[in-house]
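Okay, got some structures for you below.
Look for chain A in each of the two complexes below; its partner is chain B in the first and chain C in the second.
Our next item is the complex of A and B:
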């Protein structure tokens, strides 16, 4: 009670931001009540992300193998290797195909489904719930499901394909494995795009849409000239979230193909995992990880520009 | 330009009826105002005409065409919404041109119409701006401009001025009236503000709970309200109502109540009619301007001794709230205040400008 009162008083005594006295100086301002209240969160955040981040930078300049006793300084060797390694370049290429194809499919299907659900006059909640089911499934389970369904010996889909005369081992074939993991990702994450875009659609002002109707717009014209421009931002947000995740989430690939066959599904995250925990080369893995972070930040920046640049 | 008619129109949401048996004939070039408290069905009626709400039963005609099942885009109407409903991602020019582009007008025709409308509304300098860079009044002009350029058969306006501040509202009210005189397009205007209705409408439709109460010109509505609701809704400040009982003693017909109210009916014809109401409950109505202050403690007919509760000085006139017993009455006196709060004064009720309603049905007893 007394502390509560004291807190209340100190909050109430805070000067207005505009005319805070200079006399207290920076230190006094640093220890203001609100900063003190934020401190625990910042400390936790620092210990779980900021420290590891700097440690990662440190590791990327070291010869750092889990097996050997002490890391030794390696200079720029890991970084030079990163840019020269054909395996890493290949992984980035696979990542690009995987991400672009996956995102494109998820975008088209997700937005299309959101528009359908948006104009469903009844039972929208039931359809949304059904459509959302894949998100609720653990990614590993999604991978396992894909594995079982497409497995050449006992998979349901593989069996159907065989009935159609396509007798192939989907995960065992370099040309079909990548499309297969892309489709599993699409199956799992399209609903997320739908969910985000649908929430954006539902918060659209109704009056401009009605105005467009009165102005003479058909459904497609309304969609093209009013609905999509107004929900462009939320679509970009959905894409941003997905594009960051699609590089990092390796669970499905880990379960189904483990990057093979012939590295055809080895996206950069999978490569990182392999370097770190199969080859135990933590220093090199740190450099790969930092390059992924860099690309992610660039992507994020690009999306933010698209969103607010106009 | 066209007539509009509603024939036995009903609108139901589930088992709730929001518009009951609406029958309305709107003449070509008429400016008609639908007015009523919120939830009375006025906006719903307008939206049914626009095609934004389905008609549950009945028919709506624009000109000779039944439009019930016609999508909004084919009805040749233009609508101005309460929240302007501008397209936020388009500039003013594109907002106004949008409907014309959809209808495949030539670029030069679109340009001519948009510039013309912009000139009428005084927004030529804003054409390149986005809606968020405009003030409320400017946005409303753009919304009106978007309707004008279409040159529709009918204008529909759904509380277009209610988001504007008081001063701008009065200004836009006059401009809209002027615009209508110029364009002569049939216009249906929805508002909850009786002042807007009175000042703008050729005819006014008063609605309550989905039912039309009265359709009449402003002056008829003011002078001959059909029922107690219309009487109370039209006019500001609202009409005073006094619950009373009609009694006949000797040869005189009187209205009395337990607060000491007594009003003698002078009109012979009305007095004869009121014989049927002997000992029945009536509501006596009188407008604030039909109450006069009388010097001294007059005991004349239709005078009442009252106590002054509140005095509101409006400059050119003064509103005085007085009471006797449980009854409160607003009086509108010309000029600056002459009375003090707490003072006892005498008021005289006009012997020929008053209203009488059946307590039970609310219907006017005077025809």
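Our next item is the complex of A and C:
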């Protein structure tokens, strides 16, 4: 029996509403072929995302600190603590600086590089491949590279800075550690912005650009009034992806500074990791994690609104 | 047909009688074995014995292969003893038929994995590297009381008895809250002592003595103030010396910072809690914090002052970073874990091989304090009875004097033993006494051992508070210290902040 016939048959076999008992009708609807076909995907999705999400909500109301395998009901304790904890507030502040500075640099450099590559008359593929190399490096390796280059004992960059008379330890100084980890992030992820924006540029309609050229527009005028407005949506998409990642990825910070010195690089993801896996306070960690999710959703919504001009 | 049937019946009857007879013999054999075991007579186990060391023994008739086929997972920090054990595990597996999978990782990952294993009520890891502060203090109820096996006359005993372990280490590594239950056996024993460059000390000795009136070479009577003075002098004369800075520290915002500061804190007579007996068997409730005591404030002030003249890299180094800088010849003196001696003496990894000496850490008003960082190995209480007994055999072997000696001599290991009897062996004694001897070259870790044995004396040893809340307490301490070193708060504000947070954490 073909699938089409089976589908037809299953639709035909549905009881008429009102002619059969209510429960039986509901059951039949539940087991309709399309539902049955969707079921495996729904079950897999539920098991890997929906169930942990609801479990996270449950955990945020429990206290695991006393006995990790026997949590007790904590009411709103974890949530109240979340809003009162100065350490969490400090981590959000660091996250804000880290994300805004990182995204701004990645945006400027990424878009600039995409425009350069877009205008390159030859060898674009080679340049793109070379420019993309950092993306292929695992974040933890990017952190290690940064650590090796800036290490005060044997780091190349540290040695150059020492030759210039700057005898400081970059990861050991509260005012230089955060810029250093931001720059490592910029090094690794700017190519992703370039890649996304370049793909957008390459799919731009040629007519407006040709019309601008006929009208005698300069490159800057074309950029300001044609290219950037037409690429705005794709740039927002790139920013949306990076803004979500920048909060979550802690590998580089974990390897280089572990959140220090003086908590100057402890972004909210690091704080969450510490509470969950060092203190094993799963309840409080769940509350922090959900607050991160909430902020990410808000950010996503804001970007989507910008994207559709609402 | 009838004859055939009778013949078959007869065959079955004869076969049954034979089987019963054999079974009877086997049962008798087992009974005899039980009688032997019950007789209390101990015989050496199937392991290589070393002259002068207590041997691994079991009751006569004990079947070392009774757990053949059992597979055990041993989770350990990536430390030298576990590397050496992994390289020599064949001896144990051959003798017992038990398969041991050794998984090594950094301590933070280990604590997470063990915590999650306990949370799930499972026994993915049967044998656990039980850090006294991050595993034992928090999860002692999830570990097997080893007295069950020690008091079982049918099982192998601890060679040399518990008395052969260093007593202070047995307390820290093995017990929690009281000495009623023993949770772990001492496995490794890193301790912080002072490493210094003999060539630098020789180079500055004459001028320094003329200027300051005392020998700059670190010794057990040196004070922290003198240490500061010597370090500063080396900084000022670094251009003329083969070194960049006088002192270096493991002051990264990490556990290492708490360890480094604790040496100064205890030497000045301070501690983290008013209850001063938390460093041994520990306690569930530590009582009030004590970082605002005059002694602790003095210690904080001194540590802040000391770090201002230390190698600038200090604030980004943990113990590994510090060791790399010392081995690269950048620092003349450093409080460091004694097990880095083998790295410093290895010409492939160190520019200062043959130029390093060790002594106990400088004294404060309350004497010298050298933090202990050793760990024991324990058995997960969620294991099956068979796994628990198999794991006990592993514990007996892995912590035995001969295995500890093997670890000491291993080219992949090099960790120092937690057994008194090993330190009494003539070759070990010679290596400790004479760093230029062949024995010392074979066991380079022993070059720091003379200082370490001094550091283990009760008056010189410091154990950080062993409390269930230690991971959080540790984080509070090193984070606030890091803020002080970054110039964001003064020592008094640091003391108050640590005190307040510790009291909130412990409910005092």
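Rule of thumb we're sticking to: the second predicted complex is superposed on the first by the 266 of 310 C-alpha atoms of A that agree within 3 Å, B and C clash if a C-alpha of one lies under 4 Å from a C-alpha of the other, contacts with A are read in each partner's own complex, and residues count from 1 in each chain.
Just so we're on the same page, a contact is a pair of C-beta atoms (placed from the backbone, for glycine too) under 8 Å apart; a residue touches a chain by one contact, two chains touch by 3 or more.
Remember, predicted model here, so these are calculated numbers, not experimental data.
Enquirer: Is this a clash or a fit when chain B and chain C both end up on chain A?
Expert: With chain A aligned, chain B clears chain C, so fit.
Enquirer: In the superposed arrangement, which partner chain does A:221 touch: chain B (first), chain C (second), both, or neither?
Expert: first
Enquirer: Contact-wise, after the overlay, does A:261 reach chain B, chain C, both or neither (first, second, both, neither)?
Expert: The second partner, chain C, only.
Enquirer: Of the two partners chain B and chain C, indicate the one touching more residues belonging to chain A.
Expert: Residues of chain A touched, chain B against chain C: more for C.
Enquirer: Considering only the touch criterion stated at the top, classify A:208 as touching first (chain B), second (chain C), both, or neither.
Expert: After superposing on A, A:208 lies in contact with chain B but is clear of chain C.
Enquirer: Can A:277 be said to touch chain B (first), chain C (second), both, or neither?
Expert: second
Enquirer: Pick one for A:173: touches chain B only (first), chain C only (second), both, or neither.
Expert: It touches chain C, and chain B stays clear.
Enquirer: Can you report the least C-alpha distance between chain B and chain C in the superposed arrangement, rounded to whole Å?
Expert: Nearest C-alpha atoms of the two chains are 51 Å apart.
Enquirer: Residue by residue on chain A, keep only those touching chain B in one complex and chain C in the other, then list them.
Expert: none
Enquirer: Per the contact definition, I'd like the list of chain B residues that touch chain A in the complex.
Expert: 50-52, 71-73, 77-79, 81-89, 98-99, 102-103, 146, 150
Enquirer: With touch defined as at the start, can you tell me which chain A residues reach chain C in the complex?
Expert: 64, 68-69, 151-154, 167-174, 177, 257-264, 274, 277-282
Enquirer: Which residues of chain A touch chain B in the complex?
Expert: 205, 207-208, 210-218, 221, 225-226, 229-230
Enquirer: Give every residue of chain C touching chain A within the complex, in rising order.
Expert: On the chain C side, the touching residues are 108, 111-112, 115, 118-121, 138, 251-254, 311-317, 321, 324-325, 328, 330, 471-472, 475, 479, 482-483, 485-488.
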